[in-house]
């Protein structure tokens, strides 16, 4: 096994080892547990850096895939391994890096929690699962870790298992993801056996590399066959995409993410902002060669992203819980990424994923620091004026906001610009509309973030408990992430600006590019018009926020009154939860009750009836002997006659 | 053939002698010493059992001018009868002790009945068949009505008497028809005739055989001549019930097997008999097992159960091939131990609770685990549950019937009844194991009975785990009978 | 009666030879009639003693059949059989009377309707 | 005596010894039982190791080295035991469950300890018997041997509310099922005898499976006969699986039984049915199987969905798990019905995984039920506060049951789905996939409502599992689940090697080309791969044996 693969396995299993150690030995010793967890993360990160140096290094002479047989029956072989190409290494760097910051942050934030060890065990388990998704070499392995991620998120959301809200939120997250996984499993199986039926056992496979070979094949026969079954294949692709929809919280399977904020804030930062929710985007990048050939697939993806971005941004305006605001902004940013994918710009999507990971993690930790500073107060209406009391948090939060709002030169600007420019030239049906939506969302983002910042850090303090700055263990990671959020942009400054630009895209080319003949694929270039439009939108958004909340030049209440129906619609989050509740409570439960009824009152009754009938016959038989001797004799002789007659007639 | 060859009759003669001896000794014994009679009869039973191993007897053959036959089946069954008698004497000791008078008669009658059973095993012509049968029946008339002061006992005796005589008349009339059709009552001649090529199966013969099987059905408690069973089982003294439920029943069966063996050689006659026996078997199965469900008196329950058990043996007899015979013999032997086990428990539980109500058995598992275990194993063996002897026998019988396609329906009937039987046996077991005791009475069994029960438990288990031991005896005996060795 | 009717050859020959010389069939018919009468008695009468008499009648029916067949076949087996039957019948009758007396003792009657304690 | 026979003899011997141990010496009794269970566990592991190292060849060799001991010659009953990949898995399962159940009952059972363990060991012996014998008579024998102790275990040590009804129902149902199967067995028995007599006019009959299979392979069994016989065998054994709608005995049986009772019942007893179907019905009447299995696949669908929804409607935690069991058995049925090496191996692996998982679950439920004496979910809640260890284990068990990767259940269910799709049961496969969602719904609900949420004072007196003696059984089961779940290949290799010869005849009956040597089953007939398919012009997926077979099959 060459070193690269070895790094891969180290990255993958270091956190798992940490989990095992904590659960088996150190549940009682808090400090030790946290150090084991951080140690595991450190090891993974170190190995990751080494791997990155090799992968992005000068000589690209390495074997990216290492697999072993995990399960094999007949012609079907399900491998297990690590795939160390640009995409996965890039992503795992984010996971381990951001993860590390958040582990450290947690040691401060979780002070005095009695479930401390459990918390770090689950956190490590999550890192293991997430890295598994990132490094996996085939669909089944991805699915395995896909589910594990769901489980660990279930465990962490439900961390405060004495709180009904937390427990239910965990359940909701798990089940929503299960629905996605249902589609995903179906898609995987459908894809595999379609290939089996059309191309035979030898060519069909779960492995990404082998699949890519099929999709990129020049062999006319294969191209022919693939073309013949494009319908089925596109369907399979979209079914797999449902998995991504659930995990990346796209409409309509987004409902779990806001509730997931029930978990501890670092968890929200790590999983429900930076990494886990990005898994969907990552998966689509990984499988981009499968989406690319199908206009319809891309169209669905793009529209889903656009709609999500828009709807979520809307809701973000009416939230008062600071974490909820960030949660909805996460939704809408994920929408952005998916939109980019649909527009055929996976590189842009990954770019935004990266930058978003940094600044959204930063924002969440910032909010965490705020909450911690305000003694676990989450309502923005009870905050304000915190810029004086917690300066570090304030400035880092500002940086994050700027990045998120897409103000140049912060990283968010570049990535968002990349997406918008991709949208502006996209080929999917209704691309112009999507572009417009994108710009609108940029505006809204800036606006609600402005609102959030103003309510939290400016004006007068409206709370009761005395706020204070957080310890270094918390501010440290903030600073680190802030730095990253500022400079992450350089990863892929477009060519138009500097000839060294577009690095990330080039790095990812191998991993994500679609077949050469793919129409929608688009060489990322710098379009000044788009940049200007985007910036203007963002600035206008901030201006609105300023006028409404800081200067109070315009009354927010009168505005709300003006758009009452829209406002209620937003407050009710477009009634998604109600709809699902109705579905579960009425449809699902009714079916269940009906089956229960059949079980008890039909099937069981039938069985008991058989027994009852037998018993009744027994009761009748015993009446034949009533004690009167002459009746006995009659019975006997009559019986004899009947029997003999019957037999004689029978013969 | 026509030499007297009395040596073969030693067991029978000994049995009669023992009976008379006990009766005479009874005259000399003072009241308080009468218990010796019980010991004497136990010894007699053992001696009788051993007497079947006398080489001359064991090698078998004809006697009394060919009217008396000792073959494998005869020997096997005589031993079974002797064991039965021994069991009866073991469990009846206390009962007889309590009799104010007539201990001697009790044992004498038992021994005479035993001699009758011995004869049944060896009859080789219709006359001795009738006589042997009546010897058994008449002794049981008296035994059943032995408690002359008890209305139940007397009523049971009367019912047994009337129905017994009616069935005897049917039997005789049947024999008369067969005699009329064939011109002989000697089995050896009949065996030769029925397989003769020019032999024609006349309606008289068939009807005669039907009547004969009905008449024998009285003893084996087969529908429709079963009507006496529940009442008499309930009314008779418990040891007598035990003796009757095994001894006289098996006597009836051995006669059935004998007649079948004689006439079943001819495929034509077998073809006539099989549907008849199958029909009777099916009716018997349903009657016994359904009737048992609502019973609340253990002896009555056992009565119905014994009707049901009869149905299974009829399955094998209806199949009328070696496996069926072997299965029937196997089942009969296992029936000896099974039923004796159950009745042994019944006797001593009844002694404690002074009644035969099923609820007396509640909580037996706690009050006397040993008796409870014995009863459970006995009932399970009756239900045909592995690893017990009864299961193997039942499987052989069902299997043998399954061999001939036209009997498949009968096997299905049998299987349905296995489930029904399972139900009511489990109802008893449920009371013993699950329910709490109702009366403080704690049943106890004397050591000799404990040993006897223990031994029969072991035999039941052995017969389940290693059926080849017993099967090694029944299979050759069945093979001797000269019925076809594979399904018809 | 029934088993006779269900035995056509006998009946046919019996009817055929009405008025002719006495054949076996006549005896069989007679014996069947006697048997049937006895049976009828057992079924209908309630008095234990009468039932006992009816039983004897049935046995005698059988006896007659044996004797007739014995003559028909020209061998003595049937007649020998009859002696056995008579002997056994005697023994049975003795026991029967004893039981009936016992019943009379405990129940004060020999009517079978008084002997219905055991049932079900 | 060979090790396989020991598997049956040891528990029976122990039971026999216990008969003579005074009832007061409870400690001795417990340790005797545990000792016996441990010995069999050792044997089970030994066989697993043998299969692991030597592969199927070693097992076949071992089986061949065993004598056929004639038992009842005139009837053709022989004591013949044998082992293959499938039975290795099942034996390991039974030894695990038996051992853990013994450990659990060792501290759970205080009343009539002696009787309890005697019956318990008898039950274990019976189950082992079914898994090892190659003689149909003894298969039936061993099964019945297992049923009756179950009656008393439930009746005497079960929960007082419904134990009598449940025990009676269970026993009668299982007996009836076994009898129906017995009819099938007898049909095979006599047909085989005819076959044997073809060669040797006065040949003895035989209950031995090899003879039956030889007759079947020679094509002596007519198609009609096979179809008829398969119905008897399948309905009979199907009632034990339990197959919808013959399942009503099972959930209430789970509910009423004592902890160890439900462990054995759900863990292994329910597996006997599907095992026997694979062992007897498949090789003996392949054509019957080929003819009926499409319907079976549909029934399996009913099992999965119906069972799941009923479980969703339950308020009694034991009933939830009980119905989830019958829902999971639907996957087993589906895998069996698929008749692909993938699907059937998956089914067998699922039997193993579900056995371990459900044993764990019932062990845990029993653990807290013995203290709460309450299984009504709304009354429970927040138990994780008082018993964190049990809570954690239960959460893990729930995850395993919900088919979360990392646990053996996931791999097996995935295999079943793949197999079902491979066999062309696409609708059923999708339903099966959806079944996982349903499972998650009711299991998470149960988990949350029993162990999570606010602390309840009324349960403060509850004690968590303490010390190695109480914890080890649960830990052992979890470790097994995780080990086989994370790296299933070894187990799968063992199982599939045993499954292939069983599947092969049925596939041949379905009209597939089967590679006799490797047993590899080619789904696509001779022309696998691309070449020769394009020539025909029409799209490849329109042809190939799978489509043909589906037309025949339906």
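Each chain gets a letter, A, B, C and D, in the order it is written, and its residues are counted from 1.
By our rule, contacts are C-beta pairs under 8 Å (C-beta built on N, C-alpha and C of every residue); 3 or more make two chains touch, one makes a residue touch a chain.
Every value quoted in this text rests on a predicted model; they were computed, and no experiment measured them.
The most distant chain from subunit D, with centres taken as the mean of CA atoms, is C.
A comparison of the A-C and A-D interfaces places the larger number of contacting C-beta pairs at A-D. The distance from the centre of subunit A to the centre of subunit C, with each centre set as the mean of the Cα atoms, comes to 97 Å. In this assembly, the C-alpha centroid of subunit A lies 37 Å from the C-alpha centroid of subunit D. Centre-to-centre spacing of subunit C and subunit D amounts to 65 Å, using the average Cα coordinate of each chain. Averaging C-alpha coordinates per chain places the centre of subunit A 78 Å away from that of subunit B.
Residue positions 611, 622, 625, 627, 629, 633, 637, 644, 648 of subunit A are each in touch with at least two other chains. In subunit D, the residues that touch at least two other chains are 172.
Residue positions of subunit C touching 2 or more other chains: 3, 6, 39, 42, 112, 115-120.
Those chain pairs judged to touch are A-B, A-C, A-D, B-C, B-D.
If you check the complex, the residues on subunit B that touch subunit C are 126-127, 130-131, 134, 138, 141-142, 145, 148-152, 154-159, 161-162, 165-166, 168-169, 172-173, 175-177, 179-180, 183-186, 202-204, 207, 211, 230-232, 234-235, 294-295, 300. Subunit A meets subunit B in the complex at residues 611, 614-615, 617-619, 621-622, 624-625, 627, 629, 632-633, 635-640, 643-644, 646-648, 650-651.
For subunit A in complex with subunit D, the touching residues are 69-76, 140, 143-145, 147-148, 151, 158, 161-162, 164, 167-168, 170-171, 174-175, 178-179, 181-182, 185-186, 189-190, 192-194, 196-203, 221-222, 224-225, 228-229, 588-589, 591-596, 598-599, 603-604, 607, 611. Residues of subunit C that touch subunit B in their complex: 3, 6-10, 24, 28, 31, 35, 38-39, 42, 48, 51, 55, 58-59, 61-62, 65-66, 68-70, 72-73, 75, 77-78, 80-81, 84-85, 88, 91-92, 95-96, 98-100, 102-103, 105-107, 112, 115-120.
Of all residues in subunit D, those touching subunit B in their complex are 23, 70-75, 77, 112, 115, 137, 140-142, 144-145, 147-148, 151-152, 155-156, 163-164, 167-168, 171-172, 175-176, 179-180, 182-183, 186-187, 189-190, 193, 202.
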